[in-house]
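Here the chain labels run A, B, C, D and E in written order, and each chain numbers its own residues starting at 1.
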Amino acid sequence: MSFLQLQALGKRFGEHTAVAGFDLEVEQGEFIAFLGPSGCGKTTVLRMIAGFETPSAGVIRIGDEEVTRLPANRRHIGMVFQSYALFPNMSVYDNVAFGLKIAGMAKREIDVRVREMLALIDLEPLAGRYAYQMSGGQQQRVALARALAPRPRVLLLDEPLSALDARIRVALRDDIRRIQRELGITTVFVTHDQEEALSISDRVVVMHQGRADQIGSPAQIYNRPATRFVANFVGTLNTFEARVVAPSEALVEMAGQRFCVPALAQRAAVAAGDTITLALRPETLGIQPHGADDVTLDGEVLDCRFLGSVIRVQAEVAGQRIACDIFNQAGTLEPRPGERIAVHFSAGDVLLLDD
Amino acid sequence: MSFLQLQALGKRFGEHTAVAGFDLEVEQGEFIAFLGPSGCGKTTVLRMIAGFETPSAGVIRIGDEEVTRLPANRRHIGMVFQSYALFPNMSVYDNVAFGLKIAGMAKREIDVRVREMLALIDLEPLAGRYAYQMSGGQQQRVALARALAPRPRVLLLDEPLSALDARIRVALRDDIRRIQRELGITTVFVTHDQEEALSISDRVVVMHQGRADQIGSPAQIYNRPATRFVANFVGTLNTFEARVVAPSEALVEMAGQRFCVPALAQRAAVAAGDTITLALRPETLGIQPHGADDVTLDGEVLDCRFLGSVIRVQAEVAGQRIACDIFNQAGTLEPRPGERIAVHFSAGDVLLLDD
Amino acid sequence: MRLGKGAPVTRWPLLSWSIVLLAAGYFLLPLYATFQFSLGMQRGELSFAAYHWLFGSDRFLDSLSYSAVASLLAILAGTLLVVPTVYWVRLKLPRARGVVEFASLLPLIIPPIVVVFGYMRLYGDGSLLPLTTSDGRLDLLLVIGYVVLALPYMFRAVDTGMAAIDIVTLTEAAESLGASRWRIVVSVIFPNVRSAIVAGAFLTLSISLGEFVMASLLSRPAFGPYLVQMGQDYAYQPAALAILAFVITWVCMALMQFFALRKPGQRVLPRLWAGRATKKEREVS
Amino acid sequence: APSQQLIDAAKQEGMLTTIALPHSWCGYGEVIAGFEKKYGIKVNELNPNAGSGDELQAIKANKGNTGPQAPDVIDVGLSFGPVAKQDGLLQPYKVSTWDSIPDDAKDAEGYWYGDYYGVLAMGVNRDIYPESPQSFADLNASEYTNGVALAGDPRTGNSVMMTVYAAGIANGGKAGADALNAGIAYFKQLKDKGILVPVNGTAQNIAQGTTPIYFDWDYNLLAMRDKLDGNPPIDVVVPSDAVVAGVYVQGISAYAPHPNAAKLWMEYLYSDEGQLGWLKGYCHPIRFNDMVERDVVPQALLDRLPPAENYRKAIFPTLKAQSEAKTAVADNWAREMGVQ
Amino acid sequence: MGSPLWRWLGLLPFALFVLLFLVLPVLYLVQGAFQTPQGQFTFDNLRALASPTIASAYSLSIRLSLVSAGLGALGGLLVCYALVHGGLPSWLRHAFTTFSGVASNFAGVPLAFAFIATLGRLGLVTVLLRDLFGINLYASGFSLFSFWGLALTYLYFQLPLMLLIITPAMQGLKREWQEAAESLGASRAQYWRRVALPVLTPSVLSCFMLLFANAFGTLATVVALTGANFPVVPILLFQQIRGNVLYNPNLGFALALGMVAIMVVTNLLYFVLRARAERWQR
């Protein structure tokens, strides 16, 4: 049985249903990210796990224990907030020690544990500081140490990075992942930043209007989105209209070219002559041939955007405005607007979307 | 002569020198981005151009006029703030009309101009709204329209996007660029986000401790950083130690391989046997051979990070921990930790850094 | 919309209810008792006779209107004194804020009776600033006294009002659009701290309307001394007066809430204000 | 009747500043209104609640001040007249009806002159005490706990001082300081027993039961009774064990900013019209006997007056007795009663 | 670093006003406190402050202010807690806030009338207690015109004032603090003792200070309630100014100086306490 179980969890606020029929099983030591647009219910699920909201329906289990109605202060769950929420009247040391004091740990042991935690977040020299004397990133690391100090069964983080600068965000997310691995602590991480969710977690839960649209590994989510919403929300998409030629062989025709779309094979309800929507990520499109490519389309360059490591070429292909990413490498020639190019892709990269 | 000239500009705050010896020439209609870490003086330079701070040294010219000591309200410069700074007591319409009323324009003309501006930012239906009734992105568009309405000679934007969501940020930066092109207005844009700076501007000024470290096109900045600071601040870097074999032929040896580094040719003071630092961006390293590659190194995979469109492979190569980006495409096989791989790159991509 | 932000819900608000009910009882009982007593002017029946009596009395209306005028003048003077000062300090002298704030809090520390005692001694006959030598001057001194009494509240209201709107950036935004300093104050700063000013104004009004110490020591025919006088001479009218005083203050507060909570664009009543502001703008440009 | 010259000069000054004239006191409300109406001179009324002491102080404090803070005329207890004269606070003036004022009630040089008198009485709220006490002695009983009050501070108010004086008389005090000290002892006793309420007796306080019994001149209590109009019913009782009369005197400030208006005011007060105004407020004007002889007092007014027998037993404390009492109260009151 | 001199000119009107109408009058009083009526230097006036009657007036004033400020602060804190964190409907909070705005300025004369009508000899509550429960308040020693009666009356404007100024601080307690504490195992009481109250302490101190000053300077309420029979310091001062037979302006100066001195001392005390309570703030 898995360590953290949410079964048919639901929450209504008056008329409004924030979460409905939410199921999730998390293994011990797993790192789960909740990804979704604002208002989709991520925080609400997290707060129900923490015990700050009472579910309107469903069951929460941690280990073998049902905790659905257990008060928050007896759940042994660590929580990190977007706003850090350090106790302003306590030093870093006292913040980290708070949970241990409450638990009645001996002073000696507290000291050992706090020092250990401060070492983990690399802030030992700042033990005497107060919240206002630290940067956001430092505060958030203290908040992390505070949550971890009493060795909680589950660690919950609600958009812990979104108040921080881009650079610090990336550094801190690596820290969080490292510490989580070291302690092997079961973790749920809420974010609305897709790169963050994909890069940090073992599994991602994409939420939409109070439900889990898809639960899977980052690669699954990105490469095989279960719904149109997931495909759109995670990554950029180019879409094309194509006509089914032979459903049995998964053969389609687009802009005069015929090719097999493996993804079509799993579809039942397609007939010859149907129009379907194909989607391609910018990075799967190339302007130079590539080993695995099997489809080539003609197009005209509209614009080139230099993004540093990547150059994004905007082109008109098959009457469609598409984006196509190429690495900025020595051999790469940045095409000029107006130039005619050939766009290559592999039919294996094609995503099929429901309309 | 260029349109906006800053000569030997300097600013001290008491003991602290915020800006020193800052030179810049901006052509009419150019889009310049100031990029740099927090506290490097970007805002201070901008505020001197706007007239909110008096320079401690140097001269500012706009067109043929010296404006160094001209009061802000007579400079005809438009300004967009990070915090939007819409007048809360005025509707969108009145905000945009404010500068025109001040200038004493006739009511009729004001109306025409305001409608035109609202059309430009695509917010015509919101003319009657107040700031608190709009999202951050909408407010920032109104702020842009307000700054542009009186047809300023120069438009200044101080981190206009950093208070916004990632998605809106990208959309709005495209809007800003489009509108700037349409009106052909000379623009200075401050940011600390490198992708933003690279993608939006004609030229980038990388600032560091009150000085301009490098001024150049985005590709120049990224591909030929002038200083180690620029190289590090813009993009990710892998560095290797190499030994110079033959300075005249630009031949170096690294991990038992010999190859020519074109960048070395421009260096004067290198002798055979010297140790130099080579830098390579993650995207120039591949784990599959590529047309232009000419160096191959052996390594062992440590970790793979799935970032969506890109997979970042962390590997140990030549005793060094390096990062190497590959596109997430159908043909790509994500290597497993522990696997041995060959890392390929083109010597033309190598950056040389001073120590 | 998230409800009850910052207020985690107690599962057993029983204690809270009893505290609040107790407090409400303490607050409302005296009012009710006063009201009941004020209705007892005619023996054996409840009537509004006391109120009729009051509204038929010249001195009631005279003293009330005297105090109202004095309060309004104090509000005007206080606004003119405080708003530019706070604006200037926030804009140009942020380091002076501590001192200015402390000065504005002085009236809370120095009892009013001490202040007015000082005035009478300092600004009497033979002083360079003889403010006690004629009716008009005494009136002026009373108004000044009210400005002093209200200073802490006025200052606070305006200061927080300005803090809420990032005065510096707004000023710069207006400057970059070509506006002069005067123009900025008139069409950007003032309208945006209007609700704060109104809040301060009503506080001033409620403080000075029934003020007794200053008015009495300066022998002004104000409402406060009138209340005391009535208390000596009559039985039921004073209770009616107390109720009236409470209602008047209450109306002021309600108006204040109304103005302070109203956001721009929610035009209910203040079309008048907006109209006037635009006219002023036109004059300036 | 005043000369036209005086009237013109007074009108020229345009204003008269009075002090310590409550409208309910002795019919002053109507008297002032009558004066304003007759001569068109505005009456500027300073602190109506001031005591006699306060009035003298107001003159002192405003020496040389010609502003509206300086009183032109004062109306003080008999004992304050000579004191004011002695301190040089008054200027002499003899009204045209001077001769009809009894000699023992005026300063021969015209610095001060008696204006009206009454006897000391107690007002009783009958809702609380259906059976009115009849004497000072009656009050010294536990049923009057929290029930008896003075109308102010005996050190500043003549009527209050006279209350203490009367209590002293009732308790066997000899005229002068002795009576007053006996009075203080009496009130100290009331205080210690919790009978004395530390609140000024007023119309409101008697109606609300805060001060169910308090002492004042009979004319004030009668006016208050009329004003309350039976709600609650008030008894005005002259204590049987001490009937003390009090005379007030008028005077013009030596520093009066409006001396002519002040003189005209005196002329008005001592005319038949002014005297009758006081009579309407239950006061006995000083020219009462003269007017009764000349038969100018309407019978209706005479009928409203308190019973004449009250006045038959009345003691009129001499000037000497009063100034002794005044010194005694200033010396001993605070110490004995524990107030400043 | 100095701002250009002309910037300070902008403060001139305000500085002048404060100087003329706050600082100078007080300085004048200070000077007068050390003079005889004839203008000679003396300590007699200050010495007179130590006379039993005046000293006891000061003691009474201070006690009354302390008690009413203490009760007001405590009660206000409780009510504010109930309103902000007690899970009560939000209209109640609004109602109390508006009411407090009125009541905090409902000092003085009308207040006295109201309390006489409530707890006076024939007051509503007095009569109700007598008729319904057979409790005779006044016979049992209570009097509205005593120390506790006055304290109870003062509370009527102290409580709302506290409520008004402490509410923002109470609302400033972030919900996340409580949740963080709870998730760390703390009970509600532990949260209040270790986090909320320490965070509130500086605000509570400044409120208490304000309430104390407010009570200390109150005159009108006492005058209207007891005439001049309740010897708090403002009453003494009032009598000196009003000019009674005891008139001695220089004693008045000394009385005023004493009041100012007490306020200064309390303020210093407050600054020390506050600095200690908020070492964790900027």
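Note that in this section a residue touches a chain if its C-beta (ideal position, glycine included) is under 8 Å from a C-beta of that chain, and two chains touch if they have at least 3 such contacts.
Everything numeric in this text was worked out from a predicted model, so none of it was measured.
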Query = What chains touch chain C and also chain D?
reply = E
Message = Of the chains shown, whose Cα centre falls closest to the middle of all protein Cα atoms?
response = C
Remark   = If you tally C-beta contacts per chain pair, the winner is C-E
Request  = Compute the centre of every chain as the mean of its C-alpha atoms, then state which one is farthest from the centre of chain B.
outcome  = D
Task = Give the label of the chain whose average Cα location is farthest from that of chain A.
result = D
Note = Per the C-alpha means, the centres of chain C and chain E lie apart by a whole-Å value of 19
Ask   = In whole angstrom, how far does the Cα centroid of chain B sit from the Cα centroid of chain C?
value = 52
Key: Mean-CA-position distance for chain C and chain A (Å)   = 54
Note = Residues in chain B with touches to at least two other chains are numbered none
Note = Touching at least 2 other chains, the residues of chain E are 113, 117, 123, 174, 179, 242
Task = Quick one: which residues in chain D touch 2 or more of the other chains?
result = 47, 200, 204, 208
Ask   = Which of the residues in chain D come into contact with chain E in the complex?
value = 47, 50-51, 53-54, 57-58, 60-61, 127-128, 145-146, 152-153, 155-156, 197-200, 204-205, 208-210, 212, 330, 334, 338-340
Query = Residues of chain E touching chain C in their complex?
reply = 3, 7-8, 10-11, 13-15, 17-18, 20-22, 24-26, 28-29, 32, 75, 78-79, 81-88, 90, 92, 96, 98-99, 101-103, 105-106, 108-115, 117-118, 123-125, 155-156, 159-160, 171, 173-175, 178-179, 210, 213-214, 216-217, 219-220, 223-224, 234, 237-238, 241-242, 249, 252-253, 256, 259-260, 263-264, 267
Inquiry  = Per the contact definition, I'd like the list of chain A residues that touch chain B in the complex.
reply    = 165-166, 192-195, 198-199, 218-219, 222-223, 234-236, 281-284, 288, 290-292, 305-310, 325, 327-331, 334, 346, 348-349
Task = Would you tell me which residues of chain E are touching chain D in their complex?
result = 53-54, 57, 113, 116-117, 120-123, 138-139, 143-145, 225-231, 236, 239, 242-247
Task = Report the residues of chain D in contact with chain C in the complex, numbered from low to high.
result = 22-24, 46-49, 64-69, 200, 202-204, 206-208, 227-228, 230-232
